[in-house]
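The structures considered in this document are given below.
Each of the next two complexes has chain A plus one more chain, namely chain B in the first and chain C in the second.
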Partner chain A sequence: MAKPTASPLRTGLVHLALGTYTLIALFPVFLTVINSFKDRASIFRDPLGLPTPSTFSLVGYNTVLGQGDFVLYFQNSFIVTAVSIFFVLLFGAMAAFALSEYRFKGNTMMGLYLALGIMIPIRLGTVAILQGMVAAGLVNTLTALILVYTAQGLPLAVFILTEFMRTVSDDLKNAGRIDGLSEYSIFFRLVLPLVRPAMATVAVFTMIPIWNDLWFPLILAPSDATKTVTLGSQVFIGQFVTNWNAVLAALTLAILPVLVLYLVFSRQLIRGITSGAVK
Partner chain B sequence: MGVPAISLSEARYWPLRYHLENGSRVPRYARPKIKSRALMTTVAEVSIDRGADKRQRRWHILVFLAPAVLVYTAVMILPLIETLRLSLFNVKDGQSVFVGFGNFQVLFGDPRWAASFWNALRNNFVFFLIHMLVQNPIGVALAALLSVPKLRFGAFYRTAMFLPTLLSFVIVGFIWKLILSPIWGVSPYLMDLVGLKSMFSPWLGKPGTALIAVSLISVWQYVGIPMMLIYAAMLNIPDEVLEAAECDGVTGWSQFWKIKLPLILPSIGIISILTFVGNFNAFDLIYTVQGALAGPDGSTDILGTLLYRTFFGFQLQIGDKSMGATIATVMFLIILSGVCLYLFAIQRRMRRYQF
Partner chain C sequence: MGSLKIENIRKSFGHVDVLKGIDLEVKDGEFVIFVGPSGCGKSTLLRVIAGLEDATSGDILIDGKKVNNTPPAKRGIAMVFQTYALYPHLSVRDNMGLGLKQAGKPADEIKERTGIASSMLSLDEYLERRPAELSGGQRQRVAIGRAIVREPQLFLFDEPLSNLDAALRVNTRLEIARLHRQLKATMIYVTHDQVEAMTLADKIVVLNKGKIEQVGSPMELYNAPQTIFVAGFIGSPQMNLIDAAKLGQSGAKTIGIRPEHIQVSKTSGEWKGSVIHVEHLGADTIIYLQTDFGPLTVRLFGEHNYDVDGVLYATPDAGRTYRFDNDGQVIKG
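And now, the complex of A and B:
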């Protein structure tokens, strides 16, 4: 059946509404980025103007790169995020395989137990987590953050990956068993490659809250050597709050990696969300 | 005559034998219904050469589960339980003493604590309410617009509108702090363009408007999540349903209200509970925009910032572990009751549509 073609007026209104909201969503980011490249006077005189050769200035970036230890902060954030994602994916996939593949006593209970963490935020256990980390001597180490983020990411990872692994064909796994593969090789050599798209979705979902988290770096690893980018820019901007060039440059530097990653992975991410991975 | 019984049973059952030995899921209809003893012996005979070593405990299940369960239990579940336990203790003369619900009595009744606790709880409800009334309707509206058939630039709009959700609270908080700042003058300038300059005031600095302003910043950041989930739900509505509606003359606006909205109700339920959990656990944005004191004058204080100040201490206030655990326990109970309400009351009543 042919759809009735929408009137040009209605299509126009739809684009107007979506365009307006797109503008609202992008404008603050755009404003920050363009002003970070301007000198102080023109930031105030003409906030909406693009940087021109006469107003172009990198003084903010000089301050940020000279004063703040942003390279180190980036490195910390990168290590914490990458290692946590690695463990979330590895442990999560292993547990999901056990839950989806084998029938054993307490299978459903174990699934529910691991799913509990999707709804109950790990933050509520902060008091005891800090106590435990102090006892283990892990305060102000990246290990503490990695442990917490791995635990935080696991419930959703197990949940999504279990759903996906149920769809892997039994015949394939049985063929592997007949050929004498051990259960471990079946997991690593047959199943893992097949669920790679789901792993990518889980990785993106896990990455965002870890990269952006302020609470745990603030409480578990606030020392200079272990600050993440989020905490580092928070502290830096707090100190330089009247130096607008530096603040805008620091913000732009903090946005940039997210922006680049998003442009690279946005199709993956949006497909992951819309394919119902989190329903 | 030819085929011996033993090879027949082998041929028929050996995939299942692998299933059974390895404990994998076999659909109920496919499980062998072994009634005759004779058949059982033949199966047993076939498997006798390799069956003996395979019947042992299935250690691999344990190996697969152990790392996730250990990390999750040690770093998440046990601390959570320990926090709940700590809320029943307090320090007296340097000793940890069991005080029962004493901490809760102090939190709810002691004038020093009660004022800030009830204030934070009320603000948290306002914070949640603004999200429910602004963020989720905007999200649904954007999703409805995005799912207009044959929309051009759809992918661009989606990508752009989801961007703020990915930015950290620190970035979002400071960007909006700058934009709303009367010193920079961007917002008065923009409001002047539409003739509303007189309406401008330093919203973040006034106790009456600060909470609303912060909530709207948070809405700006998170509107992408309901938008995407609802958009996904709308894509899942089959064309036949919409075509049937069009044949009956239900199009456009009334199609949204009468056909699409009822079908996406389950997703709206999920979004509501996600918003609830997220809001009653929020901290970062308020901390970034208004500081740990959640000023002006505590007007943007929510449970998350109260927990931070209580537990960790701020300026002259010394950190208090027991009261911190008490506030965390209250937050836990609030979130738990919300989740339970959703699971038992709302989700059960909601009809699941199967296409």
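And now, the complex of A and C:
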């Protein structure tokens, strides 16, 4: 796609900028991973050094996995993230379909109202959410987290998916109506497959903040049975002593599932981002 | 089987009136074409008939039954769209069979009916392909096949040939004409291309600004346009519309004369003009003249050579001129 007029200097500068950004973005991850494989002394002595045979140590991983609860924490994180993504995509897509497909009074206002959540952080409502959860008896359940994360993810999902669904041909939906498909079949069987790239984009943008969140697990579900990975890793951070080996090992492990999910979605994601740009 | 009656249909989007009271009757087996410029409401009217849009007021009767509140799938119609609108994730066979499947028809019946439709349109070898693997012309044939399979009382075509290139357009046009003879079904067809309208229709409905201007057979519209709009819209090149006052004629606002109903001579004639441009089409020669009363288009059959800037005299054929009053209505007699 490079235009013949683009000079090598220009291309070089662009690549330099992108490369620098990549380095900056990857550096903390890199640091976490290499230090998780070193013993405690060498983490402090030479934080930037790669693990060598003399400094190599799996003590962090042994601590983390030896604690036993960590498998449960992973499971909790996984359940919360997966179920939240499912609901965000389902409800987000349904709302987007209604907003893009049907003419009704207040359509635009409703769209703006739903998009408002993008600009207002959900954490401002923490106290009210906690009170609500206490009243509903949902404190220390994964349900509480799923509800909050679904609410948190919906605004962006509705916003992005509405735009994408507008691009689905009206003729196609009308052909479905003439063939006797119900509105639900049109939504699930014609429209959803066509906006799959956009769904993947939304899934990735929704997934990462949920997986990494510390705030709501700490407030709504801090019990041992409902801890998520990020909250679980905090066990090793004490007021006076921090078990860095264990923290770094836990964080390294926490990267893996999210990386796998990302790879699953990423092929679709790239199509989603570029198709929006090219049109 | 397959008659349609439209009674005083109105449709507004917010404050914009798209259809302003349409009355129309279509007999069983007729091929009716809606023509008109963009934005005249022809596609909206088709969508209202299909049930994809609700009319603001008025009634639609298919086979004498009021269908205002019947969903599209139960109206006994099938529709072919300009963009083909094939289901991208289904094979040609499933695209054609989906409507029957939704209606709960048994599998062998679906197979038989898709088989008949696909052989009618010579699509047999493509049945297992996906729409993405077909050419534009094949896709439109699949879309037509999908309509045939439903065995509807009423076929609706929404500019089905607009996305095809010129050669395919002629072929598909012939195919649609053949299907109409073969199926003897009622067809309603929307187009902005007057050639399609003239060649296919039993009856043409000319729409303008949400109203019916005139309904008639192609030749009625050509020979006896009732309004200045129809006169200008039907026929190519367009009819010459000349201000009557400039010609010194009274009793009419505008005089209309078709380009093919004018004779030219280098020596004498009624109107004097100079040649601006000449188009040679082989079978026809089209001459653009500048006269005292404005531009004049003349269409001569066969090949003729005239020099640009040369002087020509034009004479209209007797009895072939049309006179229109201030409201654009034709003046009889």
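Here is the rule we use: the second predicted complex is superposed on the first by the 205 of 279 C-alpha atoms of A that agree within 3 Å, B and C clash if a C-alpha of one lies under 4 Å from a C-alpha of the other, contacts with A are read in each partner's own complex, and residues count from 1 in each chain.
The definition used in the following text is that contacts are C-beta pairs under 8 Å (C-beta built on N, C-alpha and C of every residue); 3 or more make two chains touch, one makes a residue touch a chain.
Just so we're clear, the structure is a prediction, and the values are computed from it rather than from any experiment.
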First, second, both or neither for A:G66, with chain B first and chain C second: neither
Residue contacts with chain A in the superposition, chain B compared against chain C: B
Contacts of A:P53 with chain B and chain C, given as first, second, both or neither: neither
Partner chain(s) touched by A:P8 [first = chain B, second = chain C, both, neither]: neither
Partner chain(s) touched by A:L194 [first = chain B, second = chain C, both, neither]: second
Chain B versus chain C as contact partner of A:R177, first or second or both or neither: both
Which of chain B and chain C A:S169 touches, first, second, both or neither: second
Shared chain A contacts, counted only where both chain B and chain C touch the same residue: 174, 177-178
Residues on chain A engaged by chain C in the complex (per definition of touch): 169, 171-172, 174-181, 190, 193-194
Chain B - residues contacting chain A, complex: 14-15, 18-19, 22-25, 58, 60-61, 63-65, 67-69, 71-72, 74-83, 86, 138, 141-142, 145-146, 148-153, 155-171, 174-176, 178-179, 184-186, 189, 220, 228-229, 231-232, 235-236, 243, 246-247, 251-252, 267, 270, 273, 277, 281, 283-284, 287-288, 304, 307-308, 311-312, 321, 324-325, 328-329, 331-332, 335-336, 339
Sites on chain A touched by chain B in the complex: 1, 3-4, 6, 10-11, 14-15, 17-19, 21-22, 24-26, 28-29, 31-32, 43-44, 47-48, 87, 90-92, 94-95, 97-104, 110, 114, 116-117, 119-129, 131-132, 147-148, 150-152, 154-155, 158, 170, 173-174, 177-178, 182-184, 187, 208, 211-215, 219, 230, 233-234, 237, 244, 247-248, 251, 254-255, 258-259, 262, 266, 269-270, 273-276, 278-279
Chain A-touching residues of chain C, taken from the complex the two chains share: 47, 50-52, 71-74, 77-79, 81-89, 98-99, 102-103, 146, 150, 158
